[in-house]
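Heads up, the next two complexes both have subunit A, just with different partners, subunit B and then subunit C.
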Partner chain A sequence: MVRMLTTGTTTIATAVKHADVDVISAYPIRPYTGVMNELARMIADGELDAEYIVCDSEHTQFEIAKHAAACGARVFTGSAGIGWAFAHEALVVTPSDRVPVVAMVGNRALDDPGNFGVEHTDVLVTRDLGWMMCWPENPQEAYDLTLMGYKIAENPKVLLPYIVNCDGNFITHVRFPVDLPDEELAKEFLPSTPPPRHNVLHPDRPLSIAPHVDYYWGAEIRRQMDQAMKNAIEVTRKVHEEFNKIFGRGGPPFVEEIYTEGADAVLMGVGGMAMPARAALKQLRREGIKVGYVKLRRFRPFSTEDVVNALRKFKVVGVLDMDFSFGSAHTGGIIFQEVRSALYDLPDRPKVVNYIIGLGGREITVDVMRSLAKEVNEIAKTGEVKQVVKWIGLRE
Partner chain B sequence: MSWDKIEIRTLKDVPKEEYFVAGHRTCQGCGPALACRYLAKAGGPRAICITATGCMYVANCSYNTTPWAIPWMHAQLGGIGSAVEGAAAAYKAMMRKGKLKKEEIHVIGLAGDGGAADIGLSAISGAMLTGHDHLIITYDNESYANTGIQASSLTPWGAWTTFTPPGKMLRLGNVRVKKDLPKMIAAGHPNVRYVATASTSFPFDLMTKIRKGLAVKGPAYVQIHTPCPKGWKYPPELTVRIGRLAVETGMWALYEIEDGQFRLTFKPPKRKPVAEYLKLQGRFAHLREPDIRYLQEQVDAACKQLGID
Partner chain C sequence: MVLVAVEFDGRGVTQTALLRAASDIICAAADREGNPSLGYERYDDAPDRVGVPIKGFSVISKYEIPKDQAEKDAADAALPVDQVPAPVCDLSHYKDCYEEVAGEAMLYEPRSVDAVLVYDDTMVRGGEPWAHIGLQAIHEKLKDGGAIVVNSKKDPEFLLNFIQPTNKRYILATIDAEGMDKIFVVPLIGAMLRVAPGIVSYRSVIYAIKDRYKAEGLKKAEVVKEAYHKVKFIEVPPAKGPIQLKRRSKRFEEFPTWKEMPEGIVVYAPPVNTPNPHYKTDTFRTYRPVTDPAKCNKDGLCWLYCPDSARSPDPEKLFEIYVDYCKGCGVCAEVCPTKAIKMVYELDFKEARLW
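Take a look at the complex of A and B:
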């Protein structure tokens, strides 16, 4: 094991190397590019043996990844923001072709106006397609969730593609202390060759993949994808258990509760915003105010069970969205919509409010987190919601 | 290599085995379906074929009734270059790393003229640069046929399509000049060792070119002229005759560019007037005498440049 100070793009590249990936397809766009730079360097220095394809576009990147995976190769690709949007057609068919592509998205605000900052809307427009999605809080988790990704995606009960999101700049570019395991230990967890599966394109087993179906079989094939995504919940649990056993870390599969003991109100979000939340809630606790944070680690599959079990005990949930769905119900964030819907059947459901925060890469400070924590705490006390959806830190 | 020789000169050289069989639902007399049959025969049992969206997907390969006896997969309309890249890179890496038995797998990508010359051009260009071993084939039926016959950049001048209907104001139909895709690929990608044109009406020549494209190291490109009775508006039994006439009139030329060397593989002994080709097809029915004369002049000039005349 080596302990080092490094960025999310580097830890993901290390996980890809440890996965002994066969094919990589690359195209530049900030803030994900660093991972491809690092992989290119590894190949040039003989540290990794893989075909590295310099592509003409993101559509090509993801079509290549899909077909290479269809032929049985372990693959890695990725993008960010509008690059991810450019790939959209290829993104649509990757889950429906049931191939275990693993991709990194360096979350970035979509154009226009041009913006290098983080926003999660880029990946969330892909929410309904059948990609699994997770959000690491820091570069350590980025490594962990990437390595786990191959194991989950390649499970014959799943065979769906997998996205490791990374908050642009805050996780892609900022150095954190991380433990990177030795390659042998990583291989003990994830062998170099994926388990055999039924849908590999090879002359030994002639097979027609993705023929035209129309109404005869369209619904059944969609239902199979639905089942695969459902299966992914149990598979993810098992993979986390295995990971925790081998590496002695890895955390819970779907939700992590932070400072929730004795709290009536919580904030909830994905990715790196857990960091300022931790600091703020620790301070408040010292001051006698108990507010918690619920970190949603995986958004697809969305484990309704885990989310409901975590949230049912609170009076108020303040969902933090670094994304937005224009014209949606209550005109709020995407994660808010989902969490609120998950809680609907509870007889005593918590009140769910929404904070639109950090759009375009605006920093989420400890002070902002403190004030939001106090606000949800206040709602818990009074039971009064003045505004369901609130934009935070806006110049108006 | 899954064949003992590359050149197919006589019927005896043609494999008896069929790898593209019953099960498809293409129109009677479909030129592109004929191309599938020939390319599958030529490629043999250790080939895989990936097909972009278009008639050779939608009408050709349906769930539970696939006509392909070799492995087959769908690629997106603009994805054929990427699809063969992915497949060829996968096999190469896995074989090098000992994850897959070493052998020569023929990776074939098939796309229509719309898929290749328009929406997928960038990806094909990319695939011609990396050095991976694959063959990209365009079946050129000169329109977006599957969506109901719209003009592509390979639709010839003067042709009717539903996007270029001859009318009272715009008399000519399509006024764009057909893009020269094979030359573009040859000129723009100097490391590509094999580029050729073919026709379903010249099957020996076609199958030889498929094999040459597969045998050569690195990427290769073959464009097959494939008459389409629905889109060109002619009775299905004329497919082979119309394909022949295209070559005999000089509307389509058969050549190969091998390691940069251009060679005509068929030279019509005495070129027929283009009118003989045009008059059999409803898509040209609106053209008048001077239009046909203009087209004849264009074809004469092209034939001179190619060395046909």
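Take a look at the complex of A and C:
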């Protein structure tokens, strides 16, 4: 175990090194660039032996990642914001080709010129394509979720691409104290050679991936992807269990409850905002106010079972969205829509309200979290929702 | 639980890595005492602009600050550096402290800082990295009773002429750090230990430095010790009466609301051939170009080459600089065929104060 003060981009690069990848395709865009730089340094210093391809654009970058994975290589790539958006044509076909690409997305606003602050909308426009998605809370978790990513994506029951999201700046560029495991321990969890699968291009066994498709085939292809995503839930559970056993950490696979004991109301969100939430809720608990936080670790696959089981015991759920869907139902955030829908069949379901927070990378303070926690607690007491969707920290 | 923080103020391109170095040393020292910390550089800074004021930070969470920390540090600083005892790593409050400091991770600047380390003494005038931020005073984030440590050959009394008045009480310290070590953040940190005790202990810094610089470790630790003893400092009392400032930073609430902003990310520009009244870039400047009338042949190359159009086109005025916009890059002095332009240290000008 090596104790370091380092950023999420370095911990992700270290996980990629420990996964012993074969091909890395890269094109710079902040905040993803940090991973790209660190991997280039590792190769230059002889720490990692991999093909490192700097591309002419993100579109090429993700095409190369897809094709290298189709040849059986273990692949790493990544992007952010508009770079991710530019790669979309390649992103669309990666899951349907069923290749286990692992990508890091350094979440970034789309794209009020030059704003590289975090916003989750960049990755959530990919929500419906068949990529798996997870959000680490801190650089430590970024390492863990990246390493687990290869194991989940490469499972023959899954074979879907996997995104590790990372809040721009707050996780990618802030140095935290982190414990990075030795390479041998990582290898024990994830062997250097991926398990065999049926769709590898090789001259010994000629095959063609993704030839022309029409209405005779389309629905079945989608249903296969649907099944793979469903399978991913069980596979993720097993991988988490194994990870926890070897490393002694990692937490539950989908939903983590933080300070929820005795609480009637909870806040819920993805990524780094769990950090100010933890600090705020602990302060409130000392003052006698019990409010919890539910951390959604993985958004695709979305484990309805885990989310419902976690949330059914509360009266109020305040979903924090660092994203927005213009003109959507209740004109709110994307994660809010999904959580609210998951709870619909419960006979005695909690009230779900939505807070739009941190858009364009706006700061999230402990004080903001305190006031939101008090607000959901008040709704739990009175049962009265004044406003379903509320913008936080907006000048109005 | 107590949160303490240090701010590092440097200039773009040349000092980017030194922001990181100082932050890493302080965080590593905190880590040796079992205190979790965050280190970061301000994300919105564009450090690729020459001279732009940039900032970095270390934020540390500790259970408490020992009351006699200053005395302990003084006792350690009296010892030869190779005999300073190792710091004790106390992890008994680590989890609580970690949660506290991680709660501050979703910010670009800490809410307040205990010390400011200034890499370049012309920066005490304040910094204006972006138009919308305005002129940030050097003590903008400083807690009452905090310390400002400046890398400068000058005395604190001299630098005080260029610092905005404030209602805070603070210590202003100077040390000729660049004259002591090429990596001048090492002596700056040594000076900080003396004037702002309690952020990290003297002994933890000595051990962090020895570890970081390996073969040169002891030599660098000596520099820390020397700076600790050599630093010059004064106590600055709070300003009396109301403070009137021509230029200051803008508060978040002063920006337009979403209803007031023109839709579609529109910014109305000033009329053609008028200077931008909203953004002055004079805080980028360390040296100011001055033209010698006897040598100037009025060829206008300085005006032509100025990358910021910060010179008047008037030969009779010797293509005078627009003092609010010249960033002091020195291109004009470089291209002048008669060597008529000299770059003069900014604090030699009495009117260099910006407030």
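The rule is simple: the second predicted complex is superposed on the first by the 394 of 396 C-alpha atoms of A that agree within 3 Å, B and C clash if a C-alpha of one lies under 4 Å from a C-alpha of the other, contacts with A are read in each partner's own complex, and residues count from 1 in each chain.
In the analysis below, a contact is a pair of C-beta atoms (placed from the backbone, for glycine too) under 8 Å apart; a residue touches a chain by one contact, two chains touch by 3 or more.
Note that the structure is predicted; figures quoted are calculated from it, not measured.
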Subunit B and subunit C placed together on subunit A: clash or fit? fit
I'd like to know which partner A:T60 touches here: subunit B for first, subunit C for second, both or neither. first
Applying the touch criterion given at the start, work out whether A:A70 contacts subunit B, subunit C, both or neither, answering first, second, both or neither.
first
Subunit A contact check, subunit B vs subunit C, more residues touched by chain B
First, second, both or neither for A:R175, with subunit B first and subunit C second = second
Three-chain overlay: angle at subunit A's Cα centre between subunit B and subunit C, nearest 10 degrees, stands at 100
Answer with first, second, both or neither: which of subunit B and subunit C does A:V93 touch in the superposed model? first
Now for A:H212: first (subunit B), second (subunit C), both, or neither, which partner does it touch? first
Once superposed, subunit B sits from subunit C at a minimum Cα distance (Å) of 27
Residue positions on subunit A within touch of subunit C in the complex are 3, 5, 112-113, 116-117, 138, 167-171, 173-177, 272-273, 275-276, 278-280, 282, 358, 361, 363-366, 394-396
Listed in rising order, the residues of subunit C that touch subunit A in the complex are 23-24, 27-28, 31, 36-41, 43-44, 96, 98-100, 102-108, 111, 252-253, 255-259, 265
In the complex, subunit A touches subunit B at residues 20, 22-23, 25, 49-51, 53-57, 59-61, 63-73, 75, 89-90, 93, 97, 192-193, 201-203, 205-214, 216-217
In the complex, the residues of subunit B that touch subunit A are 45-48, 50, 57-58, 61-64, 66, 68-76, 78-79, 81-87, 89-94, 96-97, 99-100, 105, 122-123, 125-126, 130, 132
